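Please see the structure below; I have some questions.
As written, the chain order gives the labels A, B and C, with residue 1 at the start of each chain.
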Amino acid sequence: MSGVPEMANAGAAGRSVAALRRTSGQVVLHLILAGIFLCLALAPFLFGDVRSQQVAARICVFIVLVASYDLLIGYTGIVSFAHTMFFGFGAYGAAMTLRAWGPGWDAILIGGAAGVLAAFVLAALIGLLSLRVKAIFFAMVTLAAASVMMVLASQLSDLTGGEDGITYRVPGLLKPATKLLTDADGKVVRLFGVALNGKIAAYYFVFLSCLVLFGVMLRIVASPLGTVLQAIRENELRAEAIGYRVVAYRTAVFCLAAVLAALAGIVWAVWLKYTGPDTALSFAIMIDVLLMVVIGGMGTMTGAVIGVTVMSLAQYYLKDLMQAGADATAALPLIPDLLNPDRWLLWLGILFILLVYFFPAGIAGTLLKKDR
Amino acid sequence: MQKTTQMLERFGGVNLLPVALALLALLLIGSPSTWVTLTVAGLSMGMMIFLMASGLSLVFGLMDVLNFGHSAFVSFGAFVAASVLSALAAWNVGDNGFLNIVALLAAISAAAVFGLVAGWFFETVIIKPVYRDHLRQILITMGALIVAEQLILAIWGGSPVSVPRPAILAGSIIIGDISIEIYRVFAFGLGLLAYIVLYYALNRTRIGLLVRAGVENREMVEALGFRIDRLFVGVFMAGSALAAIGGAMWAGYETLITPALGSEMMILVFIVVIIGGLGSIEGSLLGALLVGLMGNYVAFLMPKMSLASNMLLMMAILLWRPYGLRPAVKL
Amino acid sequence: MSDTILSLEDVHTDIGQYHILHGISLQVPKGGVHVLLGRNGAGKTTTLRTIMGLWQARKGVIRFADADITGMHTSEIARLGIAYVPENMGIFGGLTVQENMRLATSNGRFDDQRLQHVFALFPAIEQFWSKAAWSLSGGQKQMLAISRAIIEPRRMILIDEPTKGLAPAIIRNMIDMFREVARDTTILLVEQNFLFARSLGRGVAVIEDGKIVHHGTMQALAADQGLQTRLLSLSLDAHQ
């Protein structure tokens, strides 16, 4: 934790002299960010195959999810394990109305709004109840709440589809068969060889929604609220003494993060056309988010972007690599078992522990600190 | 109003909650024989959860360390015990009651020894570098939990493992139209024994005195000339061993276990520790009995609400007493 | 140097990112009550905690009875014969008075003579012997904290603002009590209450912004009104 305040200071100091000189770490960081942004913005044109677009869309949504989680853990020092629960509220809200009312923007809007509202109310309740006490207590309460919600979702199968989840159709604009532009023959127009169909529309729906949400968060952390939050994180008693109502602020941030997570959940539900425990509610997602935020760097919005990208790429492509490794070492004892693609979390877990020990500031934080 | 409160205090105050809950359930359930069966199930489940929760609570109280990896000890305990019981299957399921008991004791001891060793490793390698840093502590113990769960998957595989129950503990006692599983009585007895031993150790020994003082104010105990960190390793090991024993008992109770067992139990363990108040074994016992009874009654009355009811119970108790029913430190 | 029991040389202590002690140098002679005066936030408590090893000095040397105790573990420092009474008194509320006292002994057994001595000084300790400590009043808790410090022979006792929040009548009793205790040990007392400090102290040091700005005898400071105003400009309410 001690690295984080320093890092924030470094960021502030860095900005004031930015016009004159940037540290090499910052240059590297900005290059990486620009690269990620370009890849995501042009994903349908750069990567033709379906799997890559899936990865790109997931990265977009998870950037919002992880950044909103970072508002809690990095900026405010609150550890919550209920973040996927709020994500799930948004996703299930949209999914249930889409299934009940059929495809339509009204279903997404109303169902999504209901999900967001539910997330807000539950966050306010949990926050007011348990943010008064120790951080660790809060972590336990959120963990318990999230687990109960998970069990409820699988038991109330009439509403949620249980373990199978819900499949539904999305508004016409976003269907792959939709032609955005047609030429004289009524065929879909191609731009750089990519058909301008509903699939592209769906991707840009995801990309732009997430861009807006991420922009909102950037705005929040740069606002006076962000400063107050950091003051609270660094010294709770002092912040209280200055007159900040710590519990109120914390609860507000918790609610805000919950709402943002729910919004990300709606976008995810629309993109996937499917919502189930594995995609929107499971504890595995919570662990992913935690790993992403720590790997990227807590307390920096840029860290969220980097963490999500690194982890997502690893998740999709590391398994291939491990399989190759397992095949190559098939003759040896034990090693192929440990390299079995199903065991990839084992390695990530070990990596995670080492990161928390040796690079608690994560990739972004470590880059920012360099050359200071 | 004040008079009633005082009277309630005299008869045990919050300790009466499980009794009140049981009486309320009797009214709702109606049938006394069903009620007895459910109550016995609830009490024995509560005692098994108590085994898992007490160590976590003490470790937290003493060192401000909340070990999110605690459930790994529960899972490992269950699987170690299952393996031992399977290896000793001939003794375990034979007619010889004595050999049954030997096999059972071997399984429980194996789990306990595993808990001690793993606890020592966990404390010195994983947790010691991040004392007093809550955020990193939560993250690291979470990471350790991920690794531990993956190890269980690697060692025992992902499919459910069946646990042979010792023959002497199989079956039920029938009294009139009431039927009570012997294993449940045994689980309750073992939990009670653990509580008595813990209570005695904490209240009648010098080490126990140090632990109780350390839970309240670690620095002051050090300023009086004692090394809390050395004491802490011991408490951590004992807590891990208790969790492993709890896991072993739970394995015999469920008879079919999956690697998810630990994390499933952990929800209840957290609820128990929160309800009871961190750092006190009396609180853990009270919380565990409440959760065990609540879970079983509601599972009968409204099957889908079982876990949610415990969540609601936790919320209600937090509203009433934000630090739990019997926290270790008087404020 | 055998006359000096505790010495600090250029001690710097940081708490988190705040630099609190900016090079404290201090010598405490053996015997009697010595007072560290200073305003809120001047670094008094930090000095005591640094001596006890509860916070680590970043720089500088602390010696106790000619042994270097810088960087030693708190429990080892305590076992050299230093007792510490923190500002919040450090009472274990869930334990009984007896258990609190027992923890302050090195082997769990009481020396009967010393115990009777404590009872004579503080009858309340005997009266509430098997009561839970949280049920004591503020003054009684302070007495328990001090009883713990003197239940075994100590070479030195560090006491942090014992008068805080106590009624004037209790404070007057404490003056006599401290004189009695200081007969066979050395007390380093941190105070804001100058009247209390003046009636007890042999030596005095004044701390300001993490530095020692004055040291000398209490007698000289008490006689020099001008010096007092300049050094302490202690809020007049402390003189009440």
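Following the convention adopted for this analysis, a contact is a pair of C-beta atoms (placed from the backbone, for glycine too) under 8 Å apart; a residue touches a chain by one contact, two chains touch by 3 or more.
Computed from a prediction, not measured in an experiment: that's the story for all the values here.
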Innermost chain by mean C-alpha position: B
Chain at maximum distance from subunit A, centres defined as averaged CA atoms: C
Intercentroid distance (Cα basis), subunit B paired with subunit A, Å: 34
Cα-centroid distance, subunit A relative to subunit C, in whole angstrom: 52
Gap in Å, rounded to a whole number, between the CA centres of subunit C and subunit B: 43
Shared-contact residues (touching 2 or more other chains) in subunit A: 2
Parts of subunit B lying in touch with subunit C, wherever the complex brings them together: 206, 209-210, 212-213, 215-217, 219-228, 328-330
Subunit A residues within the subunit B interface of the complex: 1-2, 73, 77, 79, 125, 129-130, 132-133, 135-137, 139-141, 143-145, 147-148, 151-152, 155-156, 283, 287, 290, 294, 298, 337-338, 342-343, 345-346, 348-350, 352-353, 356-357, 360
Interfacial residue positions of subunit B with respect to subunit A in the complex: 60, 64, 66, 68, 126, 129-130, 133-136, 138-140, 142-144, 146-147, 150-151, 153-154, 263, 266-267, 270-271, 273-274, 278, 304, 307-308, 310-311, 314-315, 318-319, 322-323
Complex contacts: residues of subunit C adjacent to subunit B: 52, 54, 73-75, 78-79, 83-84, 86, 90, 92-95, 99, 102-104, 106, 108, 132, 134, 148
